[in-house]
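Have a look at this one.
The first chain written gets the first letter, and so on, giving A, B and C; residue counts start at 1 in each chain.
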Amino acid sequence: MVSSPSPSAAAASALFPAAEVAFDIRALSLWYGSFQALRDITLQIPARQVTALIGPSGCGKSSLLRCLNRLNELVPDVRIRGEVYFEGANIYAPDTDPVEVRRRIGMVFQKPNPFPKSIYDNVAWGPRINGYRGNLDELVERSLRRAALWDEVKDKLRQSGLALSGGQQQRLCIARALALEPDVILMDEPCSALDPIATYRIEGLISELKSQYTIVIVTHNMQQASRVSDYTAFMLAGEERVGELIEFAPTSQFFTKPRDKRSEDYITGRFG
Amino acid sequence: MITLPRPEVAAPRRLRARDLRRPLRRTLREWACELPLLVAALVSIFTTVGIVAVLAAETLAFFRLVPLGQFLTDTQWTPLFLEKHFGIVVLLSGTLLTTAIAMLVALPLGLLSAIYLSEYARPGVRRVLKPVLEILAGIPTVVYGYFALLFVTPLLQALIPGLAVFNALSAGIVMGIMILPLVSSMSEDAMAAVPRALREGAYALGATRFEVATQIVVPAALSGIVAAFILAVSRAIGETMIVAIAAGLSPTLTLNPLVPIETMTAYIVQVSQGDTPQGTLEYRTIFAVGTTLFMLTLALNIVSQWVLDRFREEYQ
Amino acid sequence: MSPPAASYSAPHLMRRRLRGRLFEWLALASTVVAIVVLALLLLDVLHDGLPRLSWSFLTNYPSRLAARAGIAPALVGSVALIVLTAALALPTGIAAAVWLEEYARRSWLTRVIEVNIANLAGVPSIIYGLLGLGLFVRALNLQRSLLAGALTMALLVLPIIILNTREALRAVPRSQREAAYALGATRSQVVWGVVVPAALPGIFTGIILALSRAIGETAPLIVVGAVAFIAFLPTSPLDPFTVLPIQIFNWVSRPQPAFHANAAAAILVLLVVLLSLNATAIVLRDRARRSLRW
């Protein structure tokens, strides 16, 4: 089986001018203890576009996503090799502080996880602990507006965030991430715990947000990937169940004329 | 959906490596936050060190005056009399007598009630019975002492002629009732951990509930039940107020449950209530007895934990 | 091929059923015995003590005359002891639990501390009394004071608070921590801003359990020197003191039935205090569970 970066991935690194690259991932490998989860991932993620990471479950897409904001390090015994350049700086350089990295990158999780605080405090907590000096009320309102939640909650900002519906909670989590005014938002299957209507609203929100933010979204739903994303990265767990990058291409091209046979098999449902 | 007018979209930021370095202020603050927590965690070590140090110091001073051999083999305990004897066996017999009686009550009843709650009782019944058992466990032991002396003893005296006012039987029985909830809840936890599949396999073979409970579940939960039993013994040995109130303060080397005795714990209370000046031999005796008590219960607790760890049944 | 009918006899099955029924009754009876004893105990105490309960009983001082004796110093002493114990044990216990659960990496030190705490939880309470006597009363020369008693009780309940707080912290889902870290929070910000507030109900329950245990303790306080005949209310932590359980113990140990009635009345007061504490704990825990709603 292929163990070096696949040709289609290497070709992609020439796709984008340097200024338009949000993440430049070079030969990234990841181990949980002795189990290798990712092998030699090389990929460039374009700025202010939606990039989808897809693949069957267990292929390492969530692990890759969490490498982008160094959230993987919460797991003990984790080992990383390779480099990830975020806006030009290697976030895995030896003296880099993960806290500084995460301040600049927002994340939304699979199951909505608002804090058991008020809606206001959910959004305000991030800026507060990072020493925000400006007008918090304005920031909260702006973030809730950008997450398309303001009109529904503006009269009940003091209510608990847990009192909202699933879709509203997820939008609250998006507002919470937006409050830190990051350039990038990472989304780990943000709709998989939601009903179709809530999913539809969030997908619409993603289209709105991409004009200002780089979005990387992990999804196991191919239709969602083709609806929502501009670029698609397809991953597979190869031999020894190690995740590898198989193909990276503009979404329309990926789903109509995939270059790799494995991509084609996946798209046509020969395995899932 | 509301859209804000789009602001001027600036080119993406370029970061430099030093933008991502941790500010010194934050490193110091984090460390300053962690230090007091670590100190607090070390307090528990300090407690153990303190216990060992205090016990050892006074006990060693005691053994400088009273040879260990005499402590272990003398058959009288009269440190407060003119003619002093220091046979720990006397107090040990009191402790073991009350403990044995308590275990005769607590172990069978505790295990049976655990089996009932785990295998027989309907959820509604369980929901009522379990809190009641918890209440039993929460009653202060001095209240049990009152109950033993002023209710149980007169009752038993009517049934057993010749029963002294202070005796090991009443105290032991009441202590057993007090320990029952501990045995019951620990055994029940052990039985709850037995997977349903095991029971269902037996039922499918046509076993009755009694057979499943006694021949499948209890053996499968045995390590937890044995650990519970050992802990119960440890608890009984360390119990003070019930025996201090109802079992008597007369050190007697006997196995007769109908006469007054004195346990190790009751002796410590007895001497503490008086005015024993520091540094005297009498003062040191309570530490010598305390050390014996401590080593006994520590050994039992360690064995109980070892049983749990070593023999814990692994269910996938 | 089904087994020949003659190998399985119907009366055998009936005997098994019968044995099963008998056992069920036996097991139920064992459970009920505990409840019956509890009921007997409460009824006995109520019968003996209720007539003796009165306002003057609550406000009088101990006396050689049973009819005039009261529990004022004991009641005040119990409350003062609990407050002081809480002030000492709560911050320490919560801090220790937070360190063990949120900061410590698996190492020999953490293992030693954990085993140590588990062992301490099983040490008889009278041993803590001996520790208090040797260390606080004598070595630190606090004498038989409220402070010495509170320090002793604080060490006694510390393992309970630590174990309960750790469980409460463990119950906070990992996703909460991940969300907080993803916002660029440092560990202390995650712990004190998100995890501990979310674990607060469980922590409260642990606190109340620990304090309930402390209120009912007698033996360690006797050893530390709380005596029963205190003629005044303690005004400073260095004053001598007494507590309800010791007063009860003292009265029960007297031969006169009148003092036994006093003891029963004091027991009722103690049980009421305990009951209110536990009821508060349950209410707090339920309300918090409702507002958290994982």
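In the analysis below, a residue touches a chain if its C-beta (ideal position, glycine included) is under 8 Å from a C-beta of that chain, and two chains touch if they have at least 3 such contacts.
Just so it is clear, the model here is predicted, and its values are computed rather than measured.
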{"item": "Topology of the chain contact graph, where touching chains are joined (line, ring, star, complete, other)", "value": "complete"}
{"item": "Maximum centroid distance from chain C, chain identifier (CA atoms)", "value": "A"}
{"item": "Centroid distance [mean C-alpha coordinates] between chain C and chain B, Å", "value": "13"}
{"item": "Chain A and chain C, separation of their C-alpha mean positions in angstrom", "value": "48"}
{"item": "Inter-chain centre distance, chain A versus chain B - centres from mean C-alpha coordinates, in Å", "value": "51"}
{"item": "Residue numbers of chain A (touch at least two other chains)", "value": "99-101, 104"}
{"item": "For chain B, residues that touch 2 or more chains besides their own", "value": "26"}
{"item": "Residue list for chain C, restricted to those that touch at least two other chains", "value": "186"}
{"item": "Chain C residues touching chain A - in the complex, by the definition given at the top", "value": "105-106, 173, 175-186, 189, 193-194, 197-198, 291-293"}
{"item": "Complex interface listing, chain A residues touching chain C", "value": "69, 71, 74, 76, 99-107, 109, 111, 113-117, 125-126, 129-130, 160, 162, 173, 176-177, 180"}
{"item": "Chain C to chain B touching residues, read off their complex", "value": "16-17, 19-20, 23-24, 26-28, 30-31, 33-35, 37-38, 40-41, 44-45, 48, 91-93, 95-96, 98-100, 103-104, 112-113, 116-120, 122-131, 133-135, 138, 155, 158-159, 162, 186-188, 192, 212, 215-219, 222-223, 225, 227, 245, 248-249, 252-253, 260, 263-264, 267, 270-271, 274, 278"}
{"item": "Residues of chain A touching chain B in the complex", "value": "19-20, 22, 47-48, 86-91, 93, 95-97, 99-101, 104, 145-146, 148, 150-151, 183, 201, 204-205, 208, 211-212, 214"}
{"item": "For the chain B and chain A complex, residues of the former touching the latter", "value": "1-4, 6-7, 9, 11-17, 19-22, 26"}
